[in-house]
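Note that the chains take the letters A, B, C, D and E in the order they are written out, and that residue 1 is the start of every chain.
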Amino acid sequence: MPLSDDELKDAICEKAAKSPKPQLYIKDFYKCDPDAKPRKIKNVANELVREGRLMFWSSGSTTMYADPSRIQNEEKNR
Amino acid sequence: MAKHETPLLDQLEGGPWPSFVSDLKHQAETKPEVYDILGQLELSYKDRITHWKHGGIVGVFGYGGGIVGRYSDVPEQFPGVEHFHTIRVAQPASKYYSTENLRKLMDLWEKHGSGVTNMHGSTGDIILLGCRTEALEPFFWDLTHDMGQDLGGSGSNLRTPECCLGQSRCEWACYDTQETCYHLTLHYQDEIHRPAFPYKFKFKFSGCANDCVAAIARSDISVIGTWRDEIRIDQAAVKEYVAGNYPANGGSHSGRDWGPFDIQKEVIDLCPTECMWMEGDELKIDDKECTRCMHCINVMPRALRPGADQGASVLVGAKAPILDGAQMSTLIVPFMKVEKENEYEELIEFIETVWDWWMEVGKNRERVGETMQRIGLNNFIKIMGLEPIPQMIRIPRENPYVFWAEEEVEGGFDRDIDEFRARHAA
Amino acid sequence: MAKHETPLLDQLEGGPWPSFVSDLKHQAETKPEVYDILGQLELSYKDRITHWKHGGIVGVFGYGGGIVGRYSDVPEQFPGVEHFHTIRVAQPASKYYSTENLRKLMDLWEKHGSGVTNMHGSTGDIILLGCRTEALEPFFWDLTHDMGQDLGGSGSNLRTPECCLGQSRCEWACYDTQETCYHLTLHYQDEIHRPAFPYKFKFKFSGCANDCVAAIARSDISVIGTWRDEIRIDQAAVKEYVAGNYPANGGSHSGRDWGPFDIQKEVIDLCPTECMWMEGDELKIDDKECTRCMHCINVMPRALRPGADQGASVLVGAKAPILDGAQMSTLIVPFMKVEKENEYEELIEFIETVWDWWMEVGKNRERVGETMQRIGLNNFIKIMGLEPIPQMIRIPRENPYVFWAEEEVEGGFDRDIDEFRARHAA
Amino acid sequence: MGYNPDKPMEGRITDLGPPHYAQFFPPVIKENKGKWLWHEILQPGVLMHKSETGDEVYTVRVGTARLMTCQFVREICDIADAHCDGHLRFTTRNNIEFMVDAKDKVQPLLDDLASRGNKFPVGGTGAGVTNIVHTQGWIHCHTPATDASGPVKVVMDELFEYFTSMTLPAQVRIALACCLNMCGAVHASDIAILGIHRKPPMIDHKRITGVCELPLAIASCPLGAVKPAKAMVDGEEIKSVSVTVERCMFCGNCYTMCPAMPMADPDGDGIAILVGGKVSNTRSAPKFSKLVIPFLPNNTPLWPETVEAVKKILEAYAKDAKKYERVGEWAERIGWERFFEKCDIPFTEKSIDDYRLAYNTWRTTTQFKFTSHIK
Amino acid sequence: MGYNPDKPMEGRITDLGPPHYAQFFPPVIKENKGKWLWHEILQPGVLMHKSETGDEVYTVRVGTARLMTCQFVREICDIADAHCDGHLRFTTRNNIEFMVDAKDKVQPLLDDLASRGNKFPVGGTGAGVTNIVHTQGWIHCHTPATDASGPVKVVMDELFEYFTSMTLPAQVRIALACCLNMCGAVHASDIAILGIHRKPPMIDHKRITGVCELPLAIASCPLGAVKPAKAMVDGEEIKSVSVTVERCMFCGNCYTMCPAMPMADPDGDGIAILVGGKVSNTRSAPKFSKLVIPFLPNNTPLWPETVEAVKKILEAYAKDAKKYERVGEWAERIGWERFFEKCDIPFTEKSIDDYRLAYNTWRTTTQFKFTSHIK
C-alpha cells in the first residue's frame, strides 16, 4: 500500500531531519515509500519545498534537498 | 566602486574581434560594479587562477534550478562582485527577439543585476551574470510579472531545451523544431524548475542530419529530422549546377578557386553509401540505400531537397566526458513522426518511458547514457518496449559472450549431475 | 576391438569432400583400435556431446609441453580409446616434407599410437591423435633417436612457432620467414618444452601484409614483412595489364566474367591511401603515402613488387576471446631488419624484453595482450625502451584523462592549503 | 508594485516558460516559415533564403564576444530597429543575425555595422571559421583551468581573416571549455581548446567538515583516488579524506562535489588542444575530438602558444585538405602519423589513450606511413 | 635399441627442435628460394610461380579433411613419389600442395588425383572457398559444444563448387571452432562456425575436492559468477562452489580450470555463426568476425541448419559484393541492417553487444537505411 501524501511528506521530512547526511538526493527519498513511483516522490518533495519544510541546495550541476535547519548555507558561512 | 588598473586586460582591446574588455569598461561607466568585475578578472589574469568560490545555495523560492550561486574569494578587494550569482533565463525557441523584448530585459537586468550577460549560454539560456542574493526574488518578480518570462534549468533538472532555427529559415527542416521545443518546454516546466532526476537531462532538436544545434553530441535525448521517402530532385537545377550556373554548396566555398564544379567528385564520390550516379545528364539516386547524410543536398541546395514524408530520428545518451568519457547519442527510434496535431504524443511517451526508468535505476550523478551503458543496450531496448533492430547498432557484437535466458534453452538450466555421470565417467 | 555400427557417421561418407569417416574405416582394417574411435564418435553423434574426460597429467620426462592428456568417459565400451593422448610433433617450417620423412613418421605412429593424425594442428604442429600413456616414452625415444625430431609446445609454454611459406615459393616475402622461424624455434627449445610463462605464448611469421599465417590474429608476437622504399614498378607490365594481356590478381577471379580489367576501378580506387594515379599510361605511386597494404601488388603481380629495402613490422598481443575478448596484435615496431647475419639480434632482444617483463608482471592465465591492456600501452612502450610514436595507435586519445607525473608539472604536486587560502577565501 | 519580501508568496507567478518564439519573428519569417526552398551565401556573412512564395530573406551574420553588456545589447537593438523592423536573432554559436526582406536593405545594414569599429564583424558562414563556442572561465566559474573570453578573443583576432572569408576546405568549428566538464562541444569539434588541471586537489581539512559530505567526496572519484583519512585540525582529530596522487587524472569531479578540495593552480593549469571532432552526420558519422597537444601554459593575457597552435593546425589543414573535408576526415585520410607531421606537432605519449576502452585506439594493422617519427 | 623403461635417462635426447625445412625442399624450390618474380593461377587449384632464373614451379593444391590416418598420408606420399620427386607440403589451411617443375607434369598429376575418388579435390585458390580451418570437436577435445570434422565435411560438401572454382568476389575464409576458446581464427574469418554452450556448468560436488583448486575455479570466471559455497556429500559438509546462473555467459573458462564443472549438453550446445572478419591488411585493416546467428542446433550427423546458413550468406555475398570485396568489407559498405536483410537472417538482440566496450558498437549517427526491420 502506498503511503498517503501526508504520510509520505512526514516520512520525507523525518528522513531529512535524521539522516546522517544533511543534504539528500531525490533518490535518497525513494526509500520513504518503496511503493511510490519516483515522480510521486518528486512531486511530494517539491510540495514540501513550497511549504518551506525542505529547501533546495544546488552546486549548479547537482541539486539536493535539505531540512532548512541543516542546509549548508554559504550566506551564513561568510 | 572605483576603477582598477587593468594593464593585462587592456591588451585585449586591440585586434579585429569584438573586445569584451572594451564593452565591460563602457558598461562600467554607468554600472560601477562592473569595475570590480574587471578588477577581479585582472587579478585572475595576474594570478592565472579563478577567484570564484565554489557555488552554493541560492535560488528563487520553490525553484531548484535556474540560478547558479557564486561568491568572490577576494570580496574585500572587489565588493561589487561579492555575490555574483548567475540567472539562467529561458530563451525563446531558436533565439529570435524583438528589440522591445530585449530592451525590457536589459532594463530589468541593469536594475537588479550587474548589467553583464552571455547571449547565450552553452545550453541556450540567456545568461545574466552577477546578481546579489537579495536581488534574486525582486528580479524574478519583475521577470514573471512585467515580462511574462521565466527561468531556465540547472542542477539535477531537465535543462532548458534548445533547437536549431528549423523551418523558420531553413529549407531542410524535417519537422518543426521550434514548436516541438516550445511545446515540450512548457509541458515540462515542473521538471525544468524542480529537481526530479538523478542528474541533469537535456533535450535538443535539430531539423536535419546537419544537426546545427549539436544535439547528437550534447543532449540526453536528441531529436534529429529525417525523411523516409525519396530525395526530391529538380533535374533542371542539376543541369545548372553541372553547367556551373549555380554555386556549389550554396556558395560556401566561394572564397577560393576550387576549379569548376564536378558533380562526380564533389557529390557522387563523396556520398557515403555510393548510391548516386549520373545517367546522361540526369542524377539518379537509389534512395533505399541512402542514409540521408545531407551531403548531396548541402552541395546542391537548389536541385535536391529532403523527401516529403518527414519525421525525426530519436537518439539517446549524449554527454560530455565527466565521468566515464564522452558519449554521442545512440539511435533508438530510427523514424518517428513529430507532429503538433497529436501534441507530440509519441515523443512524449518515449521521453517519459526513459524518465520513469532512469529516475528509478539511475544512480546519483549518472547521466542516462551512462545508465544505458551500465545496464546494456539490450536491456534498455526492452525497457523502452522496443524491438531490437540493426539500426540501433553500428556493428553486431564481436565477442561470443551471449547471455541466454533459461527459458530460451531447451530443458532449462537444471541438470542432474548424477544422471550426467552415469553417462560420462568422471 | 571389434567393429561398431556407425549409422550416423556413415552418412558422412558421401559427398565430394574427402571423408574422414571412410579414411578412419580404412585405417581400422589394419589398426582395430580405430574402430573404437569410430565407435565413440558415433556415440557422440548420437548423444550430441563429447565423450572425453577433462585432460590430465601426462607427458614425457622433463618436458612440460608437447602432450595433451585425454581419457574416454566410456572406456568400457571403447577400450581402444581409454587413453587417447595427443602428441604435438614440431613441424618443419612451412610444412615441406620429403615422403621419406613422412613415411618414417607414419610408421612410428602406427607402431606406438592410433595411426590417426591431424596434418596439421591449428598452431601448426603435426598432431598425432591417440596414444596410451605407456607408449609415450617409447614413441619419444624413437622420434628423437630414429628421426632426429622433437615435440612441439603446449601448456604455459612458448608454442611451436609457425610461418608462411615466404621466400620459398612466394615473390612477396620481405624477409626469410622460414629461417627466422627455424632459428627462433631452435633458440627457444627450452621455452617450448618447459613451462616458463604465466600462460601460452605464440610467434607467427608472415612475409608480407597478406599475412598468410594469420599472425596478426593469432600470435602474441606477430612478425609481418614490409619495406621502406618504393614499390618496384614495371611500367611495361602495367601496360600489359591495362591491355588485358595479363590476368588481374594472378588469375584469382578468372572463374567469372567481371568485364575487362579497369586499372582505375580495380587498383587506384581501391588503394586505401589514395596514393596512386595514372600519368598517361604510366602508373604513379606516391610511395611516402603508401601503407603497403599489398592490394595493388596482389592485383598486378607482374607489374608491381614490394620495395627492395625490406624488413618486418613487429606487432604484439593477438589472442582468441578467452577471457576478456579477442585482440589483434598492436603495431609496436613499425620496421625492423630481420636478418640471419646478426642472428636476429634485434628481434631476439625485443622478444626477451617482452618476456622479462611479462614473466614478472603477467598474471596466471593472462596473455601478453591482456597484460598490455591492463598496464596501458604507454607503460608497455616504456618497458620496451621505445619512444612513443603515432604509428602505434589508430587514433589519438578521445578523452582528456591524462596522467601527469609530478616531475612534469612546474612546482610539483605539493601545495600549502593555508597559503592558498590566504589568497582565496574559503 | 513589485516583490514584497514580507509576503513572498503573494501574487507569485511560476512556470511560465519562455515566450512563444513566433511573436518575435520578423514578418518575412512569419509568412514563409516552412516554405523555404533554397539558400545562397552571397558573400561571407550574408545569406539569402528563397521561399516558394517568392519572398527572400537576407541575413547578415555578425560575430560577438558572447560576453556582452546591457549597453551592448541596446546597441544591437538600435541596429535592428534601424534596419530590421526591430527583430534579430542569435545563432546556436553566439552570432547575431540581422534579417532584412529585400536585397537593397543589405548594404545600408553592412555599412552601419562597419561604421561601428570592431564591434560587429560580418562573417562566420560557409567554409570558414565561425564563432568559438565557449564557456565562463575566470569571469564566473569556480572550476576553470583557464579563462574563456580572453583566449577566445586572441584566437579570433588571429583567425579573423577566416571568419570574414570562405577559403577553407570546409567549415571549421572551434570550441573552448575551461575545464574537463566541457560545457559546450569541445568533445566534438574540429579544433578544441580545453582548460586542464595538472595538480591533484589540495585538501582543506579545516573546512571539509562543514562543506563536504565525505561519502560523496569519496564516491566522486572515478578512479578511487579519494580515500577516507583522519586529519588533525587545531589539535583535534577529524574525519577527512586523502588523495592518492599517482591515481589522479585531474578530472576535477572531487572538487565539484566537495568545495574543500580545490585544484586550480597557476602553474599546474593550462590548455590542451584536441582536433578532428565533428557533429554533423554528413558523409562520415559524428566523431570525437582527439588530444594532440597535451599542455600549453596560461600565458596571460595573450596565450601566444595556444594561438600559434590553433593557427598552425588550421593552416596545415587549409593547405592540404580536399574540398568538403572536415579536419577529422582529413586527418583520417592522411593518417594520424602524417597529421602530426604536417601540423608540426611533436607526438607525445599523452596522445596515447590509457583510459577505459583504450585498446580500441591501438593500431592493429600493419598499415602505417613512414613519417619522421620512425628513426 | 629403443626406450628402456628401467633406465629412462640413459641415452635420452631432448630439445632437437624440428628438422631443418630446407632438406625437404623440392629441388626447384631450393634453387629458386628468394628469386620468385610473379605467379599466376592457371586454373582453380593450380598455381605457377616464375623465378628470375627462368625456372617455374607448378603447384597443385588439394583439399583434405585434416583428420587423416597414416594410411592416407602414405597414399599422399605415393602420389608425391610418383610425380614430385618425393616432396610435398601442407598449407597453413590444411591443404596439400604437390609441386612439379614443368608444365607437362601437371596434367598427369591431376589425372592421378582425379582417379582416386573423392579423396583429392583440387582447388582452394583465388577468389573461392578454401579449406575450413578447424579444431578437434568430439574426436578429441573435452570442451567442445559441437563436432569439428563432421560439420566441416557437410559444409564443404555443400560449398564444393566454390572450392573448385574462382567465381566469388574475393577469397572467403571459413573457420570452425568447437568452443569459445576458438582454436584457430574464428574471431577473424569471413564466415565462422562456432560451437557454443548455453547451459551453465553443473557442479560435481562429489568430485570437486579431489580435482579442483577452489580458488582457481572461483577466480576463473570473468563475471564473478562462481562463488564459494558449501555442499553436502554423503552426509558431510564440504567446501565447494555455486554458480549464479543469471551472470553466466557460458564461456567455459570455469570448466577449463575445474573438471568438476562440466557444461556440455545435447540441447544446450550448438552453433553460432559469425561473419565479416578478415586477417589480411589489404585495403582495410584486419577485422573481427561479428555474431549474426546466435544459435543453430547440433542436428547430427548433417547439421542442415548450419549448412544452409553458411550457404545463404555465401550466396548473398557472391551475388551482391564487388570484385575484391571481402565479406566484411561488403557488409560495411551496404550497412549491417542491409546485410541482415540480404542474407535473410532474422535480427535478434543477441547480435547487440552487451559485454565490455559495448558502447563502441552502438550506432551514434543518424545514418541508417530503411530496411524491413523498421515497421
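We take it that a contact is a pair of C-beta atoms (placed from the backbone, for glycine too) under 8 Å apart; a residue touches a chain by one contact, two chains touch by 3 or more.
The structure presented is a predicted model; accordingly, all values stated were derived computationally and were not measured.
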Chain E and chain A - chains in contact with each: B, D
Farthest chain relative to chain C (centres taken as mean CA coordinates): A
Whole-Å separation of chain centres (CA-atom averages), chain D against chain E: 50
Rounded Å distance between chain C and chain D, as computed from the means of their C-alpha atoms: 47
Rounded Å distance between chain A and chain D, as computed from the means of their C-alpha atoms: 35
Chain E, residues touching no fewer than two other chains: 180, 182, 187, 211, 251, 259, 265, 267, 281, 285-286, 288, 355, 357, 359-360, 364-367
Where chain C touches two or more other chains, by residue: 47, 49, 51, 53, 209, 211, 216, 224, 272, 293, 321, 325-326, 328, 394, 398-401, 424, 426
Sequence positions of chain A contacting 2 or more other chains: 59, 61-62, 72
Touching chain combinations (by label order): A-B, A-D, B-C, B-D, B-E, C-D, C-E, D-E
Complex contacts: residues of chain E adjacent to chain D: 281, 285-286, 357, 359-360, 364-367
Of chain D, residues touching chain A in the complex: 181, 210-211, 213, 215-216, 256-257
Residues on chain A engaged by chain B in the complex (per definition of touch): 25-27, 30, 37-39, 42-43, 46, 49-50, 55-65, 71-75, 78
Contacting residues of chain A [partner chain D, same complex]: 21-23, 59, 61-62, 72, 77
Touch list for chain E against partner chain B, complex: 180, 182, 187, 194, 196, 198-200, 202-207, 211, 245, 248-251, 259-260, 262, 265, 267-268, 272, 274, 288-292, 294, 333-340, 347-355, 358-371, 373-375
